[in-house]
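Letters A, B, C and D name the chains as they come in the text, with residue numbers starting at 1 for each one.
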Amino acid sequence: MGARHALNILNKTPRAELVAAFSPDGKELQGLEAVVIGTATSVHAEETLQALEKDLHVLCEKPLSTSVKICQDVVDAAARKPHLKAMCGFSRRFDESYQDVARKIAEGAIGRPTVIRSQTCDRQHPDPGEHHDFFVQYAAWSGGVFVDMSVHNIDLTLWYFGSNVVPKSISANGVVAILPGLKQYKDYDNAVDIVEFWDGRIAHYYASRMMTHGQEDVTEIIGTDGKLNVNLNPQKNIVNIYSRAGITREVPGHHWGRFEPGFVKEANEFTAACLDDTSVPLEFQNAVKAVQIGAWLQEALVSGKQIRFDESGKRIDRANL
Amino acid sequence: MGARHALNILNKTPRAELVAAFSPDGKELQGLEAVVIGTATSVHAEETLQALEKDLHVLCEKPLSTSVKICQDVVDAAARKPHLKAMCGFSRRFDESYQDVARKIAEGAIGRPTVIRSQTCDRQHPDPGEHHDFFVQYAAWSGGVFVDMSVHNIDLTLWYFGSNVVPKSISANGVVAILPGLKQYKDYDNAVDIVEFWDGRIAHYYASRMMTHGQEDVTEIIGTDGKLNVNLNPQKNIVNIYSRAGITREVPGHHWGRFEPGFVKEANEFTAACLDDTSVPLEFQNAVKAVQIGAWLQEALVSGKQIRFDESGKRIDRANL
Amino acid sequence: MGARHALNILNKTPRAELVAAFSPDGKELQGLEAVVIGTATSVHAEETLQALEKDLHVLCEKPLSTSVKICQDVVDAAARKPHLKAMCGFSRRFDESYQDVARKIAEGAIGRPTVIRSQTCDRQHPDPGEHHDFFVQYAAWSGGVFVDMSVHNIDLTLWYFGSNVVPKSISANGVVAILPGLKQYKDYDNAVDIVEFWDGRIAHYYASRMMTHGQEDVTEIIGTDGKLNVNLNPQKNIVNIYSRAGITREVPGHHWGRFEPGFVKEANEFTAACLDDTSVPLEFQNAVKAVQIGAWLQEALVSGKQIRFDESGKRIDRANL
Amino acid sequence: MGARHALNILNKTPRAELVAAFSPDGKELQGLEAVVIGTATSVHAEETLQALEKDLHVLCEKPLSTSVKICQDVVDAAARKPHLKAMCGFSRRFDESYQDVARKIAEGAIGRPTVIRSQTCDRQHPDPGEHHDFFVQYAAWSGGVFVDMSVHNIDLTLWYFGSNVVPKSISANGVVAILPGLKQYKDYDNAVDIVEFWDGRIAHYYASRMMTHGQEDVTEIIGTDGKLNVNLNPQKNIVNIYSRAGITREVPGHHWGRFEPGFVKEANEFTAACLDDTSVPLEFQNAVKAVQIGAWLQEALVSGKQIRFDESGKRIDRANL
């Protein structure tokens, strides 16, 4: 992701200039005003804090951390430097189709958004061994399938339902179907959950590492007076192939094939906020809430037990134990 | 086709009773009131005339004949027995989707229908030898690709544009790409044409025997204020198959897989007209006009020369020679 | 439903003869060999028992009862008359596309089926008052949204996962978004759930009465080596409408518009089993298990508490209380 | 188009620098190495010749001219300056989906490409008066619907069939359905044609200014062993809207909404060819052939008479007169 961000800044963000990529060279770093952090999740927070310390604007890949506390520390540190722009890169916020959905919801096209179904499903690598090794190693530090993958779906929920929604209960279940090595990290290759909110809304997510056909990230928003969805029929491009097998549409192998234009837009809008001193388009605090919900989902998944909250959002299920 | 019609009458036409199928037995034929003719095209006319002679209602498969004159003779014979119901089986007239299009056009959904694109494309049999032999033998008596296949598209044009449209010019071209044996019968495995009408409308058809994926009969009607199409994305059923190849939808192998419910409806409506002495839903004269246009298309295809007509529909291109 | 079944038997089931519909007339009932029960759920069981008592074959609409015990009583009664055919009408078992999925799974097209997502979503009547009144009255005796609607999804799960799957946990949540009158019956207009099975599989269902666009019953089966779905893109027919709004496909308003051919096939196959004394295509015991799971789903939905089972299927969550 | 090209060079072509846009200022023009010509067709040729004269690389919007002779003069002028890069901007050559089709054809995915159906269909402006005025004024200098719109389809044909195909006959028909003002310029708002080639292939095109739903550019390539198509189901983005009307997908209003990424790629590849002194990806001579075929189509359209060629490509129909 770091290299991709660097290339976007270099090639597709006309108002930005790539000063350095991973450079320890002080000379090269002169003139640096902003950094994009696309490293491993485990160092996101520390690097963001260092950047803020050096008075640099920061665009950090999601999640800031797999620890809610650390996420909040980073957001607090940024709040102490209000002249700096700090943004967590939820790239789907910059995707044209997701933005179209937000616009249509705001215009009342579907009444009150009531149920969201959202899935992040990764392609299964054609080589099972390679697929296994990659994702098992990845699981060691990813924070688990719901923190790593569903955090996007949580963020979409906060966008479409409003960032002030309060969970009432969280239930989750998972299976290990093709990646037995995940068990050592208490992770799963397929997981589903339900998040019930106090204002009469429901989210349910599906995360999977098992799609043979490619990347399949679908989101449906069902309102009291209509429904919208994004990417229900995934497609690599707009070619259909007619053969003895029938009619076939290819599917992107990676999220990059689906979301690349969103990443470019993200880089450009972040650059504009830095240069024009306008607000970044995403609330930084949101990044904490998304990880918080993801961590609860992951806890419910691993424990197999429902988590419950009172209307203020205070957790109440532990009191029962 | 004969067997299929017989089974429809037997099983799916509650108001009809199957008295006999291909029976020479006088006893079995007692009580016979109506016949369905689903034999080879070359005997359609004669059998229809004999049925009328015996005072039987007749539903005859399209076309009545590949000869326009014989078609007209049959229609004239039926006209002399107005107490009998006679209908030529253009099954698409009974297909729910084509009927929906007719209804929407009548309601003004697309303004004035101006251009129709319609194709009848048959599956290429997986065994090339078998495919070749079948269609070459078939070509010997089918009347040619435009009479045999496009007659459906012509009938749809008469339905959606009005049966009184007058051709102004007809152009056609074809190729022999996979069935060299067709050449001996001056036929083609792929053919396209343009029919221009005097009232400012255009039809263009595509007929092919070369589809690897299955039967693909698409019709688009473009109006001055909208567009409708039928079967743009052919499908055997509503299952999608996700695999390493992508996302695949299977396609029916034969027109029967696409039009079976229409044939059933046709049998039922014809039965109702016979029993209740109401008009059959299709003008019999139409069957002559469809074959006439098909024969002109075939002539233009074989000669490679445009055919022209004056506003009364009288052919004028020969006069030029 | 009763009238629809009667018309299917009358018109589209050639080997059956409609002797009577709802007749109290003893004379009319002479010759009766089999009955189809399509009345209100509350009398299904009693009527089935009476029919068995009179030595009649029975095809009963789902569910046999909203009470698991009564369902089992009916199945037991049928077991005591093995010469009679008794079948609970899960019509989707006779739908061509669902059957194609079953065939493809059996052929190994998707590896091991691991996750099933299945939804039964009813159209919201254009008149909100009428919509409200109908479904609220219906809720009084329907057994709740999961028993009434999701029982189809449960049956599909038993079909595709195997009828011997043992639930491990069940979680469910619902909202009342548009039908406030449902609250008096402890029912919901939108509900989602997760059923975890002991053999490492997961089902999640969505039931809704809120679709503005029409009936939308989607099923996806995700396997370790592929995925299949049915009706992902609902359609009334195969017409596309192009207008200033874009490209639009209409959707059936009722399940009848989607499943009518399945009901016909069901009537025909049941008739064949009666006449030929072959097994009915559906295990009768299945109907008990589907209602049992539906009842648990409904309990989890109303209580908001997860239900848990040991590996033998014995419920263990109550012991914890 | 000029402004769009300039913005692409400025913002999305990292290796290029925008020196000036439409500037008469000699000082600004210093350092100019290449020009992009996106002016009115009538001045394309002259501006290209001037640019070559000044020793500048040139990317000129299609067509170079509506006159075949002038096109050839421009190509000849460029041939005299082989150190300069000259390219005619057929943007679809840079579209990812069209490129995927070219790759699949080259890999043999559909056997021998035999029939191409390709359409360029523009949106009808919601305001009929504005729509009329714009396109009637445009028709005054556009060269006619086939030169202006179908030239893209011709270029695709040369790409997928090979640029050495020789026409055997050309037939065309058109109607004026909504833009009566076109008649004064002998132009049409809907036109179809057939181009037959000597090597047993057929192209048929449809050009229209009458689509209410938006831009609809579809291309189908039918081979002896399969079929490919591009954009059969046009879409503005990947959102589906579910409402009482059914399920709707919006469509781009303009070709820019469909082809923008292709224009960007074109600018980048042209820049690379200039900087690295490599071949431009499109043969310049091709631009003459495409206009030549377009001019014949337009002649056949206006005269209503078929045009014929011998195997060497020499026109023979005039000799017949």
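Note that in this section a contact is a pair of C-beta atoms (placed from the backbone, for glycine too) under 8 Å apart; a residue touches a chain by one contact, two chains touch by 3 or more.
As the structure is a prediction and not an experimental result, all values here were calculated from the model.
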Of B-D and B-C, the pair joined by more C-beta contact pairs is B-D
If chain centres are mean C-alpha positions, then the most distant from chain D is chain C
In whole angstrom, the CA-centroid distance of chain B from chain C equals 40
Per the C-alpha means, the centres of chain A and chain B lie apart by a whole-Å value of 54
Dist(centroid_CA(chain B), centroid_CA(chain D)) in Å evaluates to 37
Expected list for chain D, residues touching two or more other chains, is 211-213, 226-227, 232-233, 241-243
Residue positions on chain C within touch of chain D in the complex are 126, 211-214, 233-234, 236, 241-251
Residue positions on chain D within touch of chain B in the complex are 112, 114-115, 117, 169, 171-178, 190, 192-194, 196, 200-202, 204, 206, 208, 210-213, 222, 224-227, 232-233, 304-306
In the complex, chain D touches chain A at residues 10-12, 14, 96-97, 100-101, 104, 109-110, 226-233, 235, 237-243
